[in-house]
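For reference, the structures are reproduced in the following blocks.
Look for chain A in each of the two complexes below; its partner is chain B in the first and chain C in the second.
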Partner chain A sequence: MLQNRDWRWLLRWESLLAVILVAVIAANIQMSSHYLGTDNFVNLFQLSIEKIIMALIMTFIIINGEIDLSVASVMGLSACLFGRLYDQDIPAEMAVVIALVVGTVCGTFNGFWIAYAGLPSLAVTLASSIMFRGVARILLEDRSVGLFPQWFNNLGQPDLIGPLSFGIILFVVLFGICLIVLQLTAFGRYVYIIGNNKGAARYSGIKVRQTKLTLFILSGLVASLCGLLLAARLGTVRANAAEEFELDIITMVLLGGVSIFGGTGTLVGVGLSILVVLNLRNGMSLAHYSGNIQTSVVGALLIASVLLPNLMRDTRRLRQWRDFRFRPRETDLEEEEGTWQAVG
Partner chain B sequence: MNQLSPVLEIRGVSKRFDATQALDHVSLTLYPGQVHALLGENGAGKSTLIKIMTGIHQPDQGAILLNGRSIQVTNSSQAQLHGIAAIYQEPMIFPDLNVAENIFISHRGRGAVVNWRKMYHDASDILGKLGVHLEVRSQARGLTLAAQQTVEIAKALSLKTRVLIMDEPTASLSVHEVTQLFNLVRTLRNQGVAILFISHRLEEIFEIADHITILRDGKLISSKPVSEVTTETAIRDMVGRDMESFFVKDESRRDDLILSVQGLARSGVFSGITFDIHHGEVLGFAGLVGSGRTDVALALFGISPADEGKIIYDGQPVTIHSPAQATHLGIAYVPEDRREYGLVMPMSIAANITLPMLRRYLTRLGIVKRRAEETTAEEYRQRFSIRASNVRLVTSKLSGGNQQKVVLSKWLNTKPRLLILDEPTRGIDVSAKAEVHHIINELAKEGLGILLISSDLPEVLAMSDRVLVMREGRQMGIFTRQEATQETVMTAAMGQKITVGGI
Partner chain C sequence: MQKVRQLIRPEQIRELSLLLIIILIVIFFGSQIENYYSARTFQRISSSVMIIMVVAVGETMVVLTRNIDLSVSSMVGFTAYLAGQQVSQNDNLSPAVVVLLAVSFGALLGLINGLLVAYGKIPAIVVTLGTLAIYRGALVEYGHSKNILVRDLPDWLVNLPRETLFSVGELDIRLLAGLAFIIVIIFQMVLLFLPYGRRLYAIGSSPDAARIAGLPARRIVLLAYVLCGALSGLGGFIYLSRIGTVGTTAAQGLHMQVIAAVVVGGVNIFGGSGTMIGMMLGAILMGILEQSLIRMQINEFWKDAIFGMFILLAVASDALMMNRLRDLWARGAIQMRIAQDAAVQKE
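Moving on, here comes the complex of A and B:
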């Protein structure tokens, strides 16, 4: 699965992640007898299920050269909207649909400013995240709403299908779809190309704006879905639901080897980084480390993930630059095979 | 002829990088008041030689003599002390500083406080010596590329430069600016500066140089006074084989029109553009940089659509509002800036070639058919002899000429009937240039209409059936091949007021 600008580096990065994952799992097995159990594994995914689903979409957005900081607020808004509507005796089914529609509108709102007005996504989604969170607070103020219907709560619980929850099934299916779309289809390739060189994409007749808008609409829709999953899992919603989730989501994507500048990274890397983060947190909880320590470790891992590839790239660039300045004949340059074509 | 003693001598310099001999016993002698041209294809060793002269790299063998004494140049500030300076195609200026500050940027040891009045005075003094009028207090950011180069030259002068290396200084300049630069070069020469001048444009070399040295594969091939060199011998020495002196397009124009443009305008950019292109015809677009040629092309390609006028394509009036639609109509545009608009550098040759037509390479489920893609790319690789071991190679690894062939392949794969080429040979070496000319000729024979934008006047004249000349957004006239000469085209391009003196 090698749709990347430099697969040698990627291969190393992804294998590095795989090695880290094996090490974390081995350490966890050593440390706790509770680790190897279906319940623990389901639990491990369940605790972060909304984040890891969202990370799949975020991967597309960051590879496309953008970022969506508003996902957590959209999750919160959709959860609160659902709670408020349900609280006012609107049927839960209807409330779910309305929340999804509003989430999609939020995504469209972001996408419009970014794709058609050309504003930077960092600024747009930062502002809209504050706005959406504000609306969520207006909706619920400091109340918390719960006592949802059983069918709704079941969506958030394990043992819905076998030992698995709806969210876990959704994640697995979405992961498969995203993997195929991003790595094998024309749309996926356009996402990479726009992230790499917007100008060349535009001159090649690729619909840059539609692509960006599509991604942000999708982001809004999936975020509102995740907000509902969160409400169902917790059985109750408050105005601060999903607050600061965006940081964990972006962490997982970047740790997976996706460049914050766009154009590089694969979903395989993101999948591996999700597993690393989840298992690391799980192992540390089993060893009774506090949440703060867990967060610090994940943060350190992120810094390493941004630093390490950059260091590797810089040394390589330095070497290339030297070669470039003194290169004897361009055709004699190392013939590095590229990207795209290898199917993983 | 040279009674003067040489100012700088390179004696038997060799340099090796890993497996490659970049320079092999190269000698070069620079005299004060002489313009010495250094010629060679990309990779011939010119850059390595410059880097050795400016102290960026050390020779493995050989010596550098300044005024007859052997010197060591281990870094660029040392080169500066020896009076050796270099200016490059892209001026290295500080955009937020003003002209005077840029000129004196390298001066040190003047105390803690800047004597502004003296600095401005000295700066205008230097510029005056060069015969240039530039406001010394203006910010460098707002200057044209040519003016920025002038600042660099002034900077070199302020450092008492005796040897000035100019590495492709004209590559990004318009014809008019080149004329001005050459006046500057002559002024410097008359002041006794030794100039090493590097350019890919032979006609410029013949205009400005006193002596021509040609490198090939790191070896010195010839070094003669300009009077003993002709275009033919220069090209032969550079590429190592004989080539047609200048390729001239075959007659392939047919009677049927592919495109007819009437009164095309885009407010504030260009207006009153009217021309026809036949099948098999090359219509040259000449004019100075910034005369609006590219804007007309962008209008035809739907990037920035025209807001007035008629476009009749293939007998049908059309409005073109997006590149996708233009591509669908059979119009292809090969942009001037390959890096910015042509290629996705980190991607493979194959992925680049199929980019605008990716939908042709999809399975019913929308999955990209990589084998089909590579088969197509492989055809183009062979057809245009793109120098790459295979089509999975990333395009950033290719030379400029080969990258250009990939861009051409990419657009030919859309099966266009009208091909717009914007500066297709800029920044590529002589043999790649000739290959591109051959390709244009072949395509015209196949019946494509070609719109060729080029600032390389001999190229436009040799390749075009007719030449349209633009100036400041207006169409100055269309010349047939018989009417189009350097004089007529340049007169039109520069307007009536300016008299033409050998370009």
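Moving on, here comes the complex of A and C:
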């Protein structure tokens, strides 16, 4: 039994993730000689750069005890809006700004209903995800728009700065900022406290509504930014852009040890789980598994990421229960009588 | 006012207002579209609504227990594909066997969901978001992206959607639409009169209280998921007979429409309140909107945006109006009690 405090860190979720990550990487190296190359590593991040950037903001929202199912639709909407505007001969710079503004408005819309009208975020973002996707369909119908200006396409391509792309640099910078904000600032603490106990947070004078609104506005802004990155990376936009990205994003966050009920989890864990998911997908691609199997495995991983801690907790309880049994108290040893006491 | 309060409950006011909205919408479309009040319109709406209605019955039971099932679309798709494949390979399968196959396979998929939610203690949204992807991935792998074609299906299955139960004037009540209606009524009865139905409400209103009161909460939630899976299986069978050509992407995105019907129909997304009749009205409203927008030659791409807006309006009006109505009703009851006590003391 691990009772010693020095060994406690081994049981932490992040350590388990690190072990899994090492195992996945080892398997990948075994499987393919192409795995260990700069190209593959850039590719690894590049192929789902929008999802991993989005996962950072989603971490804040889930720790805050809410969920945002509409991120994929906001991504699609801003990409389609950019495409439509560009198609109508509006300069691309202008179109980018408008798309970002509209994404922010979408986030504000969600945040208003959730923070100020007090509606459940699950219902609101489910409805708004249908609505935003619908607007994207109205904008582009069944056409696809492409042939964007060169500077825009360059944003999505690797080799912009050294071998890195704009998205990867943005991810690294955002990860640093998010890490500092979530773990070291008052705002980050508020996010945790609200997720733990909304009522207690309000009575301690934390501005619950403003915090929630801020997070959803940020979510909308970053989602539209990711939508534009997707458009730049693919070079073409369709109405179904970024469809069903929310599964991967939420999986990355939950696998990182963030509780769906809010209040717990760290960004380090999410960072590790992002690496696990990316490497797993990369390895499966190298082994020629189809995209659908990959999605299935990600789905199974999502379920396992919650089932495992549950089982671990249950066995711990069971063990406590086993030790919680009739045994003589040391002072009463001379007598026959004993008493119930908890051990450990 | 007291009389009104005694006669109807806030939930019934919600259903009545939904009915009013449906009537208003029908009148509106009737004035916009030529020849709207015809048997053909009724036929189109009823046959588009029936799949959603059957699946939404199961979804309602799950939502009543403060859970959710997002995987229904994959379950419908998988059972439709499996039933279609079996029936096209063996021509002499009897209809009962095909239905049984679809329903029991759906129940099996629902059982997996239910075990993970009730006994694995995983939040429902996590489980079903995962199984939504897993079931779909399994289907694509199983089907090797081959389609089930109408010409491979036996005649009885292809003609099933055109079977008529009975006719009222020009209106033909189709067999499958009638079946969907009967299922809604049966499960409404279950919710009203069987202990199991009442327990669904009890668990949804307060899971902790239900557990402390000694209800076998896990078994009840598990059964709700199994029933949801079984009804999705039946929905898959209806999907197969109505659509005919079924590929591995069958019924993708159906869960959004099902949840839309449930939420618009006044079933609280946090469990504990809602009825099958309300859900049916919600499904019919969405069906009327969908079919009428097509008839109005409004661009079909507008459909989703309008759907999303309706769901949001339904959720918002629920949260803002229903609590006030309930407060009003409760206050009325207290005032009545005070008046009674005063009357007793006078004597």
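The rule we apply is simple: the second predicted complex is superposed on the first by the 302 of 344 C-alpha atoms of A that agree within 3 Å, B and C clash if a C-alpha of one lies under 4 Å from a C-alpha of the other, contacts with A are read in each partner's own complex, and residues count from 1 in each chain.
Here, a contact is a pair of C-beta atoms (placed from the backbone, for glycine too) under 8 Å apart; a residue touches a chain by one contact, two chains touch by 3 or more.
Worth saying up front: this structure is predicted, and the values here are computed from it rather than measured.
Participant: In the overlaid three-chain picture, which partner chain does A:250 touch, first (chain B) or second (chain C), both, or neither?
Facilitator: The answer is second: A:250 touches chain C but not chain B.
Participant: Examine A:113 and indicate which partner it touches, taking first as chain B and second as chain C; both and neither are also allowed.
Facilitator: second
Participant: Given the touch rule stated above, what does A:202 touch, chain B (first), chain C (second), both, or neither?
Facilitator: The answer is first: A:202 touches chain B but not chain C.
Participant: Look at A:260 in the shared chain and tell me whether it touches chain B only, chain C only, both, or neither; answer first, second, both or neither.
Facilitator: second
Participant: With the two structures laid over each other on chain A, which partner does A:293 touch: chain B (first), chain C (second), both, or neither?
Facilitator: Only chain C is touched by A:293; chain B is not.
Participant: Taking the superposition on A as described, I'd like to know which of chain B and chain C A:133 touches: first, second, both or neither.
Facilitator: Touch status of A:133: second partner only.
Participant: Check whether A:280 is in contact with chain B, with chain C, with both or with neither, and answer first, second, both or neither.
Facilitator: neither
Participant: For A:186, is the partner it touches chain B (first), chain C (second), both, or none of the two (neither)?
Facilitator: After superposition on chain A, A:186 lies in contact with chain B alone.
Participant: Which positions of chain C touch chain A when the two form their complex?
Facilitator: Checking each residue of chain C against chain A gives 68, 116, 120-123, 125-127, 129-134, 136-138, 140-141, 256, 259-260, 263, 269-270, 299, 301-309, 311-312, 315-316, 319-320.
Participant: So in the complex, the part of chain A that touches chain B is made up of which residues?
Facilitator: Answer in residue numbers: 5-6, 180, 184-187, 189-190, 192-193, 196-197, 199-207, 263-264, 323, 325-341, 343.
Participant: Which chain A residues qualify as touching chain C in the complex?
Facilitator: Residue list for chain A touching chain C: 67, 113, 117-120, 122-124, 126-135, 137-138, 141, 239, 247, 250-251, 254, 260-261, 290, 292-293, 295-296, 298-300, 302-303, 306-307, 310.
Participant: Along chain B, where are the residues that touch chain A in the complex?
Facilitator: Where chain B meets chain A, its residues are 15, 17, 20-22, 42-43, 45, 47-48, 51, 56-57, 217-218, 301, 303, 322-324, 326-327, 333, 335, 337, 340-348, 350-351, 355-356, 358-359, 362, 366-368, 370, 373-374, 387-390, 392-394, 397-400, 402, 410.
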